[in-house]
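Presented sequentially are two complexes of chain A, the first with chain B as partner and the second with chain C.
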Partner chain A sequence: MTTAIPYTVEVRPDTGLNNVKLGIWLFLASEVMLFGALFASYILLRVGAPPGTWPQGTEYLSVPLATLNTAVLISSSVTMVMAWASCIRRDFGKYRLYMGATVGFGFVFLIIKYIEYTSKFEHGWFPETNTFLAIYFTMTGLHALHVIGGMAVNAYFWLPGAKMWKTAPEQFTNRVETAGLFWHFVDLVWIFLFPVLYLL
Partner chain B sequence: MTDPRDAATADRPHGHEEHPEQHDGYEAHHEELGWWRTYWFSVDHKVIGAQYAVTGLLFLLFGFGLMMLARWQLAYPGEALPLLGKILGPSRMPGGVMLPEFYNQLGAMHGTIMVFLGVVPLAVGGFGNFVVPLQIGAPDMAFPRLNMASYHAYFWGGVIMLASFFLPGGAAQSGWTSYSPLADIAPSGQTAWLVGMVFLITSSLLGALNFLTTIIQLRAPGLSFMRLPFFVWAQFVTSFLLLLAFPPLEAAAVLQLMDRLVDTSFFLPSGLVVTGQALEVSGGGSPLLWQHLFWFLAHPEVYVLILPAMGIVAEVIANNTRKPLWGYKALVYSVLGIGFLSFVVWAHHMFLTGMGTVMNAFFQTTTMIISIPSVVILTALILSLWGASLRFNTPMLFALAFLPMFGIGGLTGLPLGLSAADIHLHDTNYVIGHFHYVVAPGTLFALMAGVYYWFPKATGRHLSERLGKLHFWPSLIFMNGIFFPMLIQGLAGMNRRMYDGGVTYRHNQDVLWLNEVMSISAWGLGLAQLPFIVNFFWSLAKGRKSAENPWRATTLEWATPSPPPHGNFLTPPAVYRGPYEYSVPGMDEDYLPQFAPGGPPDEPDAYHEEPATVPAE
Partner chain C sequence: MTAESARVPHEEVARHERAPGHGDHGLGGHDIDVDKHVKTYIVVFVSLLVLTLVTVGISYLDLSTGPAVALALLVATVKGSLVACYFMHLISERKLIYAVLTLTVLFFFFCLLGPWLTEGNQVGSHQNVPGPTGHEAATH
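And now, the complex of A and B:
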């Protein structure tokens, strides 16, 4: 409200951070613990399975589709950085373009994920089929929720939230950077999910 | 000495010199907000702190009520409970006699409510929110709207937990630990428990990152880390624990929800038979996985329960001994050490699961190591009393009682941490006695000390000392009446969670009579809270008016009017020295606040050797 909180935009000299950047890094630390716990569960379940019963990812999953999705997400991370860089250069037209591309790549990722899921269901493969599919659907599902969340934030800064550009460009740049840090994290989680679930 | 404000005014957006009228602006703006935005959708950390504290206290009362009810069944197994038995109805207490399922609900929800809805919200959400920004000289939390969201997530999590009592089959009944496979196949109350936990975890996460950002970023000029009050340090470490330990429980809750809702088998082993029928699931899961994920949260959670309490006790003891805390640096390093170590002791809850002697040996070792910093903290607090002329006001009584009570709780934990001794003691009432000594006459007493200590700051009025003592002494006696017999029963081998109080076991016969003693003590403890409830509301309206610094304390929250205005400080505060400069030689007053300019230079221990001169300045 009207209470002036210091260091929301400007950097505190002795810590070298503003509040928002510290906040998002702490949030990402907790996200690491969330996905870390799921990866640890994956390891424990796989190690604990009777020998020979844990399936290869390729028995159920499509590596070409996942490779395509990896490329899509990495591209979206690149456009995200470009969007932020455009903010720093105060080039609003380019920002709109790159941020739109980031959101668009997110959509492409979800569409491909949807195709993957439906093809599993058509084969009669569901989470209750076996523990491998269970952890596959849980981890990729939670990741997809994060993609949707990141897209919602990015879409907000792309269209309605972008009017802040005129009033407080520096704060707006910070917000884009913060959204970008989250988006890169979502990307990074996928970089781990892809080999663990599809290739190993 | 130099004014720390000089170096920092350039960085602070509002030096008070430029904006003398600023606070009138706050007040004017404050008036415009309606009731809803002032008291319900508030973004002011003081209001949110009060929301947390009041909600937390109500949940503590409710959770205690559940156990007062369960203790009827333990003292008089199978006997009809007059009056209340009728009200609770035939699905819970047909003919006034408690059903085993309802008894299990009472136990599970007592634990859940006391830990997640009572103590943590009061200790972290309540005291943390109200006191931390004031003690570091900040205008508010770093993210005020996130702070509001955190309270509302907590509130709705609590509503879901309470509503689960009215689901078919009742609330969660697999213990507060929700062990699988029992919890996987329990009635729908367990699903509500998991959803409620997701809300509570979200609340803790938002709160924790807010506290950490606030403490790191919004400290007043001159307030370096080693000048922070110990309470702020305790909240700092607590927030790290909440931030990093809760997400694995969230992952576990997601997995258990999957098990319950879409029939996966994360926690269900192959070949499970329930009531004579093979369970139709794919199997291949691991019940131990749940225990690992749960205790990875729940052991750091134990320290979430105790660290803020230690922080409060440190503040109250320093204030009422009129001496600096003994070993401030040792306290700080110990609390940091506890924070790190608390992440590597979780499996000492699982010695008897068959996870293997190597694992047991590892976790037994880390458990023994973590007791060292805990003992350092307790010892430093006890040594702080040495040679002091104590002021025995109500906050101090609660803080003093904390020391031996937490001592008993801590020392009785050592045999449990040894995997050989644990074979006998595991899952007995001894365990219940041990952790209740830590959390009930330990943490809860410290929280009460905090309520009596900061009530004048929060409301502008003092709680009554007479009623406070009437609250303290019976509480102390009855607490011990409840929990000490548990240690005796447990050593005799009586198991915990017995629906009939353990009457059918031969080895329990000699200690069965204690059940009635404990139950009567529990009901007595309930009565002993009446003076507090009366005191709270009476003092809110008619209590003695409080000055700005009624306890003659040194930390920053006392540098502002009681209650503090919107925006907290009338002029931006600055800090000149460490937090506990009591009885500084050569001074007229027996306390030298952090925020007072002048006074002897801030060289550690230098002025304790020779009489200091007060610079004229």
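And now, the complex of A and C:
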């Protein structure tokens, strides 16, 4: 039985990859440009601020909460790659466990973000308050949207999408790997966002 | 009928030919490969947590801006490389992906440095605009 879309499992002779893998890396390349543009804006805004006027992150932001969030995302990346490894090992039970944990960690990240944001608003700190907060909310907000998107995909593969395990396990494994690549990218962006916004 | 047996990414590259009888039981050689990978994942996980604490620790060192930025970005780059190389399997990936990423990194640096190097000397020159912490900028 062949899949309707070719090269979702088999390797293409010209690229040496299946289409899905090349596709996701190309997409991630475009995401690098998206976040790159925002990092570039941050640099320009910070460098251009009159001396002494750019606040330290700690004036507005909670380092302990963000450190916890960093640990949460790193853990979610580990559980994501373990979910894929479980597929390779043909252990569907473990896959379900690890993918569930990944979605769970994603939820924890969003809850902590919610706590952070509401605490800002309670202090009367909004994106329009000053430039630092504007770039902070923009970058972490866009990142959070990516977390939500990634979680939607992961939740799909955790529950309804896992049906494919019975009919096409290799294709399903590839799908899990692809979702994992996006999820690791989201973690990677946060690894740079955290020191840049909170610590410098 | 499954076309390929359980495999790790770099094996996908060279192994078009499927050994007859090499079914996808997920047992034997491929399992051992995955076991090695899993050990790597745990090591990387612990390293990432440690480096996160290092990142926070550096911020308490009271360095001047230049060294602080350089050190923070260095640690972040190491962490990012660990995620990319091991979780995203980049270390065993095809040349084509490296080519895509090299191009991306090049454009990323244009993106970062372009505005700074061309417009950087104009930045901050319009002093009649309130600074970043000024509340006068609010329109309501």
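The definition used in the following text is that the second predicted complex is superposed on the first by the 193 of 200 C-alpha atoms of A that agree within 3 Å, B and C clash if a C-alpha of one lies under 4 Å from a C-alpha of the other, contacts with A are read in each partner's own complex, and residues count from 1 in each chain.
Just so we're on the same page, a contact is a pair of C-beta atoms (placed from the backbone, for glycine too) under 8 Å apart; a residue touches a chain by one contact, two chains touch by 3 or more.
Owing to the predicted nature of the structure, the values given are computational and were not obtained by experimental measurement.
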Contacts of A:F192 with chain B and chain C, given as first, second, both or neither: second
First, second, both or neither for A:S62, with chain B first and chain C second: neither
First, second, both or neither for A:E170, with chain B first and chain C second: second
Partner chain in contact with A:H184 - chain B first, chain C second, else both or neither: second
Greater residue coverage of chain A in the superposed arrangement, chain B or chain C: C
Partner chain in contact with A:S119 - chain B first, chain C second, else both or neither: neither
First, second, both or neither for A:R89, with chain B first and chain C second: second
Touched partner set for A:V78, first chain B, second chain C, both or neither: second
Touching partner for A:T15 - first (chain B), second (chain C), both, neither: both
Which of chain B and chain C A:I43 touches, first, second, both or neither: second
Residues of chain A that lie at the interface with chain B and also at the interface with chain C: 1, 10, 13, 15, 17-18, 22, 26, 29, 33, 36-37, 40, 44-45, 48-50, 53, 128-131
Chain A residues touching chain C - in the complex, by the definition given at the top: 1, 9-11, 13, 15-18, 21-22, 25-26, 29, 32-33, 36-37, 39-40, 43-45, 47-50, 53-55, 63, 67, 70-71, 74-75, 77-78, 80-82, 85, 88-91, 128-132, 168-170, 173, 177, 180-181, 184-185, 187-188, 191-192, 194-196, 199-200
Complex interface listing, chain B residues touching chain A: 11-14, 25-26, 29, 43-44, 138-144, 146, 205, 208-210, 212-213, 216-218, 243-248, 250-252, 254-255, 258, 262-266, 281-282, 284-286, 288-289, 292-293, 296, 566-567
Chain A to chain B touching residues, read off their complex: 1-8, 10, 12-13, 15, 17-19, 22-23, 26-27, 29-31, 33-38, 40-41, 44-45, 48-50, 53, 126-131, 134-135, 138, 142
In the complex with chain A, residue positions of chain C that touch it: 1-4, 6-9, 12-13, 16, 24-26, 30-31, 34, 37-38, 41-42, 44-45, 48-49, 52-53, 55-56, 58-59, 65, 68-69, 72-73, 75-76, 79-80, 83-84, 87-88, 94-97, 100-101, 103-105, 107-108, 111-112, 114-116, 119-120, 123-124, 127, 131-135, 137-138
